[in-house]
Amino acid sequence: MIVDCAVYEQGHRRTGDLTVAEASRACRRDGAFVWLGLYEPGNEEFEAVRSEFGLHPLAVEDAIHAHQRPKLEVYEETLLMVLKPVSYIDHNEVVEIGEIALFVNPEFLISVRHGRPSPLKQVRERLERESELAARGTGAVLYSIVDRIVDDYEPVVDGLSVDIHEVEEQVFSSGRHNPVERIYYLEREVLDFRRAVQPLAAAVERLATRHFPVVEPDLQPYFRDVHDHLLRVNAQVEQFRELLSSALAANLTQISVRQNEDMRRITAWVAILAVPTAVAGIYGMNFDHMPELRWEYGYPAVLIVILMICLFLYRRFRRAGWL
Amino acid sequence: MIVDCAVYEQGHRRTGDLTVAEASRACRRDGAFVWLGLYEPGNEEFEAVRSEFGLHPLAVEDAIHAHQRPKLEVYEETLLMVLKPVSYIDHNEVVEIGEIALFVNPEFLISVRHGRPSPLKQVRERLERESELAARGTGAVLYSIVDRIVDDYEPVVDGLSVDIHEVEEQVFSSGRHNPVERIYYLEREVLDFRRAVQPLAAAVERLATRHFPVVEPDLQPYFRDVHDHLLRVNAQVEQFRELLSSALAANLTQISVRQNEDMRRITAWVAILAVPTAVAGIYGMNFDHMPELRWEYGYPAVLIVILMICLFLYRRFRRAGWL
Amino acid sequence: MIVDCAVYEQGHRRTGDLTVAEASRACRRDGAFVWLGLYEPGNEEFEAVRSEFGLHPLAVEDAIHAHQRPKLEVYEETLLMVLKPVSYIDHNEVVEIGEIALFVNPEFLISVRHGRPSPLKQVRERLERESELAARGTGAVLYSIVDRIVDDYEPVVDGLSVDIHEVEEQVFSSGRHNPVERIYYLEREVLDFRRAVQPLAAAVERLATRHFPVVEPDLQPYFRDVHDHLLRVNAQVEQFRELLSSALAANLTQISVRQNEDMRRITAWVAILAVPTAVAGIYGMNFDHMPELRWEYGYPAVLIVILMICLFLYRRFRRAGWL
Amino acid sequence: MIVDCAVYEQGHRRTGDLTVAEASRACRRDGAFVWLGLYEPGNEEFEAVRSEFGLHPLAVEDAIHAHQRPKLEVYEETLLMVLKPVSYIDHNEVVEIGEIALFVNPEFLISVRHGRPSPLKQVRERLERESELAARGTGAVLYSIVDRIVDDYEPVVDGLSVDIHEVEEQVFSSGRHNPVERIYYLEREVLDFRRAVQPLAAAVERLATRHFPVVEPDLQPYFRDVHDHLLRVNAQVEQFRELLSSALAANLTQISVRQNEDMRRITAWVAILAVPTAVAGIYGMNFDHMPELRWEYGYPAVLIVILMICLFLYRRFRRAGWL
Amino acid sequence: MIVDCAVYEQGHRRTGDLTVAEASRACRRDGAFVWLGLYEPGNEEFEAVRSEFGLHPLAVEDAIHAHQRPKLEVYEETLLMVLKPVSYIDHNEVVEIGEIALFVNPEFLISVRHGRPSPLKQVRERLERESELAARGTGAVLYSIVDRIVDDYEPVVDGLSVDIHEVEEQVFSSGRHNPVERIYYLEREVLDFRRAVQPLAAAVERLATRHFPVVEPDLQPYFRDVHDHLLRVNAQVEQFRELLSSALAANLTQISVRQNEDMRRITAWVAILAVPTAVAGIYGMNFDHMPELRWEYGYPAVLIVILMICLFLYRRFRRAGWL
């Protein structure tokens, strides 16, 4: 599905709707470029675009089937960049991962989007607002998109960070939480996020350090800035993994401590109850000659003895922290 | 065993059966190449092929004994590529790993297959269908084979992924599963799969970036595409390992929690039963002076007292989540 | 907020207050440089400084928003160095991490500080004391700041080391500590510290080995010295992580041993108490023909037998280390 | 101790015994080389050889004291290669590691062997059988030895693999094995084996890729083949380690499950026995007014009630999988 | 404190005591060098030496404060090498780590020692014994020191190895050891040792492969030999860590097994004792109509029944391995 097809000349979007063929012709003029936005295109639809703009046959598969890893490929003068926009659905602690493939050369930028989180609309609006950005050509637009997507990793990192803090509190709270399932699935989300983010750093670094016709030298510091941002995100994701792995181990200890406390408490009560049973058992024996049984105050005396032993045990168990 | 021996000229398979010697002569003509397919050849059989096509003596061992790792060797103008086709037998969660050794130079392609999963037949059929592919020579056939094998890794990854999801559900279900054995053997399969796949990436990368007479420059983007695919598979295999390792730890916690719940429940019932035993023991003592024994309603009163204590304990244990 | 704005000429600080514009003009003279110190500047405030000194537009974001990773960026002749001063708050075992961005070229040094621990005041005082240091230009000042910050990592390492020793003592003490929470949060602090320190080593190494106009060759051994110091800190941080990870595992064992000892002790007492209950139960049976019941010394004899069995059990349990 | 001292001329072993001095003189002739085999030589013995053949003084220590790691050193035109032949003693699951130091230059090959497993005799016999091998000079002999030793790693890998399979079966069998000690010591053997094998890969790769006077270019594919073999062995050793580490964790879970089953079973029986004790205790009370005691069928009725409660508990416990 | 100050000319130590100034003058002559040995020098003391020999100002800090990591720094023609001599105090299983800083150029060698284990005296004595060694200049002396220190790592490795073997025996012995504390502290010592040894390998490798005026080419094989030795030590230290980490996990399993055996045994006895209690409880009921109570042999019959049930349980528990 074609989402948008616009020609930018000297930084300004030309008004009116365009067909793909008109756009392809328009972008051959000096200082003009086309941004063609596609959303989950079908096979035939994309084939038409491909032949119009002369994209490499391999691009078809990359653009139509999602599940690529972030990467930068160079097909003659056209760059193919695959990016993974990510958003964090807080209420069920799930990382949602989309995919955007960008074909960029000085004359056009074709974006193929799959899945949900998309920063492209915002970039388009910014482009219309800031004509000097559009005037710098497709390289600057590429930067805007990459920068936007990487900036959007920040709330994901924050969301994961908040949830890890919550899990830590559960692990070490005195309540009887067992957050093992939550820890495990958080780790899964962290790993998914890492898979979407980590390979991008190398791709952006190439844009920042090597020469490409699309990326003018004065744009490179901007890509270096994005690269730095990615390194920061990666470092935090690594730390999340290490924390969650330690939290898993710490949780086992905490669970084991709490469970044992329960068992110890119940068993301690059984031990206390065994005292009257044993003592009463003795005075329940049927020997003919048991002088205590004949004493007038034998019964209360025995009761008091039992009570005192139980009290003594209770106190000791209490002091030992068992009750 | 010779499976197939065919000469392709200008993209078309020459009709009729050929002996190895005829094929060897035919492929010396311009624009023609031979594809000789062998299946677990014996020593003598392969020695004949080897001397006919002038393969390196070391190749004998590599081709006859399987259990090579995926690799790319260069013997003068002939490439030796070892590949590991993999399939996933879902019902017993086993990864089946075969082996294909390919000797490729511009004049011939000799495939030596061991074990079961084989994509060669499909490649051969495609070759007969798409004559422009065959017309591009042995490099394109090599690509078709490698691409096919790597594409076939995808269902293996999916199969493992589904099984890991199932294991996760077992770990965190409320039922009394102990999927430790399943986790362990899944890890084993993942490790076996990794061993078959991981070393291939470096070999394919060499095909994509260095110069070989067999691989024409316009084929290299295709190998780069396969390389990218392999990196994706490798990233997922790594994630599987990390998930299974965490699942092993999480399972220990879950098992320990469930077991302790059982023990706590049984012990709590023993504690409740200890109350009537203790109280009844006291009124079973044989003291002469126990006024309660003489009361008319002593017996039902004691029964009620016992019942109330037991009920009180039951409620407390219930509230504490122990019953 | 502008903290300080001073011009140093031939190593001496020129007296009197300066506006940013005056400072910018002053530093264009030979042998003079400006040190402009900012503390959490606002957007407009920093924009004024930026345009006055001709800093790169990207610098704005890096300087105003903290949460950068330590790094070294080169914008034409101006270096941007981001550093993380760290201090250790011992009483709650927290690592406090600030941030300092330094824009350095031969004419000026602009420091932008965020958060608490700051060594800049001390460096400034040293500069006023040692005029030969100031006379060597901004490179020497840069060194002084980096050296100071890295030196201040030492007490952090010491503080963490002391706390890890304390935790070890808790783990292996005979008391009933469960330092699992402390171990976990120490690990968290160690990871935070590592994230602040580790990336700096590569940045300082670049200062020590590559050529920059700001850093004169005779300053490079000094940066090499700092680099060495950083490697030492990093090695220790790594060791902390490994120790804490082992301490977590060792603690689980210790906790499990101590808990089991408690359970074993209570259960052993229950076992001892079951002896009189069982024996007394037998002599509490109501058979008509139980000759022992008629014996004159039956009762004391049974008491003695019970006592002896209990004593025997007590001794055995004691010897087995169960009581 | 001198094991063998032979001169090979044009691929044929010259008959008759030789002294070291004669051998040293003989090998200076064209197309001839000496193979001098020593077994755990003494200081003086080796010193004589060293000065006769002009070996580097450092070689003395390397040759006399074993416990070197596998390596390749170049002393002018003489190579020193240290290899670790390994065999697997199946009955006690121990990896036996020997050591062979080879001094090789075009004129001589001096082998110094320590410890038990030795492939040298087999190589010597092959040399006498295949005169074309001996005719290719010391480089080919070096290859034969290295190839033989690396081939002999295969049965070690197989032996370890079989034992790991056995351990897995023990871990997951329903029997009451605790293979923790076996797992640990297998891991120890795997680590020892790895230490003997892993560093060799780099040494062999140098022989396969760099230029040495001893190794003629047409020998290099052979060393590449050995290198490939070593990579395969290394990959498998790595997998063994990962499997054993997972087996250790899985075993803990299995042990814990089995132990808990035992405890649960015993405790469940105690709980069932507590029922008759409690009920009988109640009818053992001495109240004057307990009408049930006077009923004619009170006793059997109570017995039946007790039996039914016990049966009910038994069934429930059974269904819960506790008995 | 100056420990020794000697001038060596043509390999022979010049007799008589020298001041630092005399030594400094003497070593400017051809074929002569000074070895100045300092032990934990004070600030002023070292400053005097520094200015006399023209050492770099940075050297002061490195030499006076210990706690450097092993390293090799090049200050113009003077090398600074920092080494960590290590010894193993067997009786309390502690690794003692000292520090030696060596300033070496062709004219002098200044050694600054901190802490206890010191091989310098032995090197000095060797130097006086072997004049040809001293005649080769300061590079040879540097080698002697490095070689000695690295040789002294061997007994440390052996000591740790012996202790790890002892710990393994404790873990898997049938006794009730809990070597968790010992394992942990051994790991700590191994980590400390690693930190002292590991960085040295890179420093020695530089001496073996790059060109320095102090190290003549014919000395480089000697440093290569030391480097090899260090790699061996490092490989073993890594293995120690892996073994200790597995021992920690194996110990948890063993502890858990042994503890459970104790609990199971005690609980089994409680279960056996519950039988007479329950049976006797039944015959202690006060029903009017209990025919068994009237039988003449009722009492012994019940005793026999109790005994038989207990014996039956005892046998079953025994067979199940619970007693």
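To keep things simple, chains are lettered A, B, C, D and E as they appear, and every chain counts its residues starting from 1.
Keep this in mind: contacts are C-beta pairs under 8 Å (C-beta built on N, C-alpha and C of every residue); 3 or more make two chains touch, one makes a residue touch a chain.
Note that this is a predicted model, so its numbers are computed, not measured.
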Rotation, 0 to 180 degrees and nearest 5, that superposes chain C on copy chain D via CA atoms: 145
Residue-number overlap at the chain B/chain D interface, same or different (half cut): different
CA centroid of chain A to CA centroid of chain B, Å: 25
Chain centre separation (chain B, chain E; CA means) in Å: 41
Overlap residues in chain C, where contacts from two or more other chains coincide: 249, 252, 256, 263, 267, 270, 274, 277, 281, 284-286, 290
Partner chain C, residues of chain E touching it in the complex: 56, 58, 61-62, 67-69, 71, 73, 75, 176, 178, 180-181, 183-184, 187-188, 191-192, 195, 199, 241, 245, 248-249, 251-252, 255-256, 259, 262-263, 266-267, 269-270, 273-274, 276-277, 280-281, 283-286, 290, 292-299, 302-303, 306
In the complex with chain D, residue positions of chain E that touch it: 168, 171-172, 221-222, 224-225, 228, 231-232, 235-236, 239, 242-243, 246-247, 249-250, 252-254, 256-257, 260, 263-264, 267-268, 270-271, 274-275, 277-279, 281-282, 284-290, 320-322
